[in-house]
Amino acid sequence: MDVYTLGEAFGVVTSGRIRHEHEARLDVTGAELAVAVGLARLGHEVSWLGKVGEDELGVRILSALRGEGVDVSDARVAGGLPTGMILKEARTGQAARLTYYPTAVRLAQGNVPVDRVTQARFLHVSGVTAALNARDAMNAAVRAARTAGVAVSVAVDYDERLWPDLKEAEEILGALARAADVLFVRQCELDLVKPALNGDREVIVNRGTRGASVRVNGVRYDASGVTAPVVDPTGSRPAFVAGYLSALLESLHPADRLRRGALLAAFAASGPSDWQSLPTRDELPLLETDG
Amino acid sequence: MDVYTLGEAFGVVTSGRIRHEHEARLDVTGAELAVAVGLARLGHEVSWLGKVGEDELGVRILSALRGEGVDVSDARVAGGLPTGMILKEARTGQAARLTYYPTAVRLAQGNVPVDRVTQARFLHVSGVTAALNARDAMNAAVRAARTAGVAVSVAVDYDERLWPDLKEAEEILGALARAADVLFVRQCELDLVKPALNGDREVIVNRGTRGASVRVNGVRYDASGVTAPVVDPTGSRPAFVAGYLSALLESLHPADRLRRGALLAAFAASGPSDWQSLPTRDELPLLETDG
Amino acid sequence: MDVYTLGEAFGVVTSGRIRHEHEARLDVTGAELAVAVGLARLGHEVSWLGKVGEDELGVRILSALRGEGVDVSDARVAGGLPTGMILKEARTGQAARLTYYPTAVRLAQGNVPVDRVTQARFLHVSGVTAALNARDAMNAAVRAARTAGVAVSVAVDYDERLWPDLKEAEEILGALARAADVLFVRQCELDLVKPALNGDREVIVNRGTRGASVRVNGVRYDASGVTAPVVDPTGSRPAFVAGYLSALLESLHPADRLRRGALLAAFAASGPSDWQSLPTRDELPLLETDG
Amino acid sequence: MDVYTLGEAFGVVTSGRIRHEHEARLDVTGAELAVAVGLARLGHEVSWLGKVGEDELGVRILSALRGEGVDVSDARVAGGLPTGMILKEARTGQAARLTYYPTAVRLAQGNVPVDRVTQARFLHVSGVTAALNARDAMNAAVRAARTAGVAVSVAVDYDERLWPDLKEAEEILGALARAADVLFVRQCELDLVKPALNGDREVIVNRGTRGASVRVNGVRYDASGVTAPVVDPTGSRPAFVAGYLSALLESLHPADRLRRGALLAAFAASGPSDWQSLPTRDELPLLETDG
Amino acid sequence: MDVYTLGEAFGVVTSGRIRHEHEARLDVTGAELAVAVGLARLGHEVSWLGKVGEDELGVRILSALRGEGVDVSDARVAGGLPTGMILKEARTGQAARLTYYPTAVRLAQGNVPVDRVTQARFLHVSGVTAALNARDAMNAAVRAARTAGVAVSVAVDYDERLWPDLKEAEEILGALARAADVLFVRQCELDLVKPALNGDREVIVNRGTRGASVRVNGVRYDASGVTAPVVDPTGSRPAFVAGYLSALLESLHPADRLRRGALLAAFAASGPSDWQSLPTRDELPLLETDG
Amino acid sequence: MDVYTLGEAFGVVTSGRIRHEHEARLDVTGAELAVAVGLARLGHEVSWLGKVGEDELGVRILSALRGEGVDVSDARVAGGLPTGMILKEARTGQAARLTYYPTAVRLAQGNVPVDRVTQARFLHVSGVTAALNARDAMNAAVRAARTAGVAVSVAVDYDERLWPDLKEAEEILGALARAADVLFVRQCELDLVKPALNGDREVIVNRGTRGASVRVNGVRYDASGVTAPVVDPTGSRPAFVAGYLSALLESLHPADRLRRGALLAAFAASGPSDWQSLPTRDELPLLETDG
């Protein structure tokens, strides 16, 4: 297995101005779900661990992943509970506004199959998961990976609505970042995980359409963003992670890792869904030639 | 003021099979919201009391009511909290399935302006409210109404998903029913509120498209349902209540009360929204002539 | 040429409850337009005379007719004026409500090419045209037809919103009816054109889905309506006319004339557009087998 | 494995009147695909064998099946070829009209993994497959099943557009029917497969909404159809097969087999997609209670 | 009351190329309606005076305003008349083309409640109103305001389709402009109202996305436009007025008045409706940060 | 007659990502169909020759052309055969991907009415037609035109999916190019038709939004592209041809021919349909003022 990832997934309802709109779009979403689909579409072997409600949204999450060839044999269904929801207001030209409707569905530490995690080349987790119901499960997976020598990939993904206490965010996300071999961080998160920026880990700073940089073995590499029409930029960060990890799995040059990350980010932003717009390998040139 | 009502209101996302559908419809909903709109469109003076989140859904609920001429000057906004949501799967020819996504928004006892309640001819409440966050507020309003001699209208509206403990439902809903002067009950709820069926209160048994009956001063009156195309039957019960109360306010004959109830129920079921399809007074003949 | 017809055509915007709906359907409409398309699709040669505005709606009306093979070489464009509009509220299970937005576009008496009218086997006109801007043109065409021995077909099509003065309606429509060789009338219009019901003209009484009857040479024939799902019944009357005239042109038996009329009426009501749903000759069995 | 099935799958574009409509619905379809999904949703283990083009439609077919838990590990992708298409005109109240756009994609005899077929309890095939590109593959599978004692289920599914030569249809479909242990046939197909109606095979005669009957061990059982709103009846036959086979796999009484068949047929007809509307086990009562 | 405004409101049907499109969007519109909503959403007290038809469009106009908290207690309903309509062709990348369908609804001089106008800090009117049915009412309001010392805000809003006679436009709009304390004018309208450009009134020249300027007490201030994706620029002028007046009511610096005007204009152009896209106070930063 | 053109026309289904989308758009398309509509809307007399299937798509193609005033009296219907289809995946910001579903409909050499071709000022054909079923018919028309001194216009329109053998493409398209008096070629096609670039024919090199150039009598003229929002660029090449030929028919200056070509290309790309977005003469300034 190339990558093992775990996290939460949600139903998502996207609409224009919520005060007036009757039309909405129903989909499923999740940072690690998007990373898993992105990697699977490029031909990598991926497992996704998560817990969904015992309802049609839960079925939709698992069907989508299974349909894309992601291994969901570890995923759990929470009997009698509904899957969480996100309401997303996506007004043209303005950043989307999200409201979370979490439920009691909770991925527990005991749900993590340690032997499966240790068979992967990479474990990928996100700071969003650390803020939600699956923190203990995530930490268990990270510990298992580190013990077994599985490389740990972490996306900081700080979301202020999910961390009422900034101190706690610094503490938890800081510890998570220090456990990473590969660390994805935004400019605005640099302070939050400052202690993790030193050392020999691979730190990728993602500046969205303004480009990205990475420090590998003390050398810094840069890549510009890929210009393409933007429909919804919400899902471009997990897409970047998928692109970067894909290139890393293929031992491409650091600049090419950044470039594939930026390419997948542009694909994700080009459509209304954060995972449906992700490219297959033969589609990669569709945006590359525009770049 | 003719009617004072209080309860909860939600955003509602309606879709076909949730596992597959991308299209959804965004609206707001609420049993008492629909009763209030139904009465206001027929020319009655209505006040709605409720608490909404500090978000666009909350604005939408209040704008909709205010736009229809319902007095929402008592309504509250819960600072920093989101409005609750309902996800509704409406597959053709099958009863809709609802998932509630409540939030911490809570109408408190102290939010009930007693002096306003006591100026109304009727107070209307529903058993759904008794099951959710506003039970204390509802009870305070009922007590105030009874003390001041305001007639109390109660719709039992038992929903098994909201009452994990049947005993508790019997106790709470039974007490509520006994406080009623006008009691709306479905066939399947008769056992639940049995002790309230005796006495001299006006008990309306609503059998949906199969008709309705009422016992007034010991005499039973019956009316058949109104036949009309059904798009979504979910909102037909509050519509029935609005129609019945409207006719009661105008001192119509019991059979005419039932008939107007059935008529509004048919209007509500004829469109995708439980409140938008409700008729104005000059539209009443549109379905009557078909009946 | 089989049939020459003249009348007005409009843009039409159809929507659900106008107070709430954002979605609408844009189309063109017109009683004689629908008769012309219905006849052309069954293979008859038809000419349509009318005047449209100098705008995209006008182009759409002429393109639609020309596309269907209707001869519009006599049609006029009113320089600098917009085409009239109709706003139609089509709520489920209820009769549609129409609002007319007429303009100064006016088919004048001088626009009627008498030599063309006299080449047809039938001239068809409707009472709606008598109520609107084209009355003089219509009368000129009827006179020309009668003089030349062209059979005159008249649909009474009384619409109370278009005739503020009932007396005037009786007078004008009565005269028109008496000029008819073939007269289409609804049950509720019988009084209005009573003097025309005697004599040897062919009088068809259309009762919609409840059937139709005709008196030919003193013998009465009856046919039941065709049962089929109804999306919008607005356009079923012109469709009935087209079906009846088509069978008359083919010298079919009176009962078969009624049957084809009912069949086309059912087609017209089965879709959202009064003319787009009309059948080609090879589609006629699609509903016949259901009947 | 409970059931092994093989056949062709297509993209399908459904629209109203093709001459006018701009809106269409894109989906995938296939008789055996629907049978496979129907069985999988009721909890049975199913394998689907087919060949799809090397394009997004092909991916969609395999993702849909894989997402539903159908085993597609035997399915093939035809390098460089597109997946076939169907254009479907679904006008209200009228039978849908289908146009096939087949491609050179062809499931060959050599693509049938005999050892896999022989591990199933049932092999299911349809006469549509016998008419299209996969006839040899189908025959190979039937032979393998019979040799290994796997029960063979056959749906005659005669489609006159696919069989220009009636004689050939009789010959091929007759032979296929005689190879069946369970035979699904419509009233209008009885003559076509007359020789197969004798003997001790289980012959189910499906009359759609007018009910169905079966002869088991010389005894005839009957069931009425399930009444429910119909959106598109096209997919109700494969759904009936799935329901019947599901009940047969559970050794239910013949009348219950017919009933489950009718139930799934009603579900399939209640939505726009022949497979997406199929129920899970816990949804079965949704329509049963209406029946 | 902060602002009193009066004018006409319409139903509006927006579509792509009218010759081909079946889909349309139904909304209500009006220059002063948009100004009123824009101000109300920013927390100002606004009254809107206008006359609507006795139909669902009229109800929609009043509900929309009332829902947003605009005081419509002075508004009138014209018994038995329909509300006017606008048909708008909005082809991508091209200026929208509007067709007006006015009706006989007419706000009369006697409908202006002088005592209410004089309680406001500002009266706002537009040149569109001067061209349509409400000119006398508008002039009466302007006179009342000037007499009472209420500041008069005028948007020239010259529309050549509404003024067949250029001379008349110059005369009427010129007089209106000279009555203004605050005058909104486009570059192309400067000649039309030349005599009003001198004097000490506050003259704002709006150049759309190319920026705006204002002369206050002899000093000129400039601001650039706000760059944001444009869906429909039609409603950006009233939005500019609302933003500018809002800042003026708060005694902001002239440059900040221009900036808020440009900001609201960008919001209005970012969505399909000229009033629905307008921001609340807490949404202002959504586009400001992009600016 | 100004221009005679012949070629194939198809139904076209356009969708977003085919793997996920349920929504699609149904239209008709064809390179010469678009050229014909483009010319007709600018007031030129055009005839279109082609063969369509005997189905609703075929009717739609002929109705669309006839509705626009294109002469289709030579067009043929292929009895019993369906019209071909194209499935088009149009993902935002990426070139559309097309799949052809041709049928056995074939325009034969004998279908070309030589006497009609020779009455035109120009014959226009495209290399797409040379690759498909109508090659012989096309060659017959070209020969007839050249013999009669009718100017021949050729668009190379090389599509690698339609020419499996590059050599054959060079040979056929090269011969076609050498028969041209006016030759439309893309930069990437210059090698393919190199031998035709010499001589005194008018060779237009179209570089899309990057402009175009032409060599007339040894002098080269250039024009830049027209900047306008792009919805779907697929149909911009035939639109360019229509614009150029229109200007050539009016003997405009070569630079103005290029400019009108670029203008129509921008119109075509501004909407979802390659022919519906084409302008009438009075609409030309809509984009010109933006240029």
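To keep things simple, chains are lettered A, B, C, D, E and F as they appear, and every chain counts its residues starting from 1.
Here is the rule we use: a contact is a pair of C-beta atoms (placed from the backbone, for glycine too) under 8 Å apart; a residue touches a chain by one contact, two chains touch by 3 or more.
A quick map from chain label to UniProt name: A, B, C, D, E, F = 2-dehydro-3-deoxygluconokinase.
Computed from a predicted model, the values in this text were never measured in an experiment.
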Co-neighbours of subunit E and subunit D - touch as defined: A, B, C, F
Distance-maximising chain from subunit F - centres being C-alpha averages: B
Furthest chain, CA centroid comparison against subunit C: A
Copies subunit D and subunit C - interface residue numbers shared by over half, same or different: different
Rounded Å distance, subunit B centre to subunit D centre (Cα mean): 45
Whole-Å separation of chain centres (CA-atom averages), subunit A against subunit D: 39
Contacts with two or more other chains, residues of subunit C listed in rising order: 17, 19-23, 59, 63
Residues of subunit B touching subunit C in the complex: 228-229, 231, 266, 270-271, 273, 276-277, 286-287, 290
Residues of subunit B that touch subunit A when the two form their complex: 11, 13, 15, 17-27, 55-57, 59-60, 63, 82, 85, 87, 89, 99, 101, 103
Residues of subunit D that touch subunit A when the two form their complex: 62-64, 66-69, 280
Residues of subunit C that touch subunit B when the two form their complex: 16-17, 19-20, 91-95
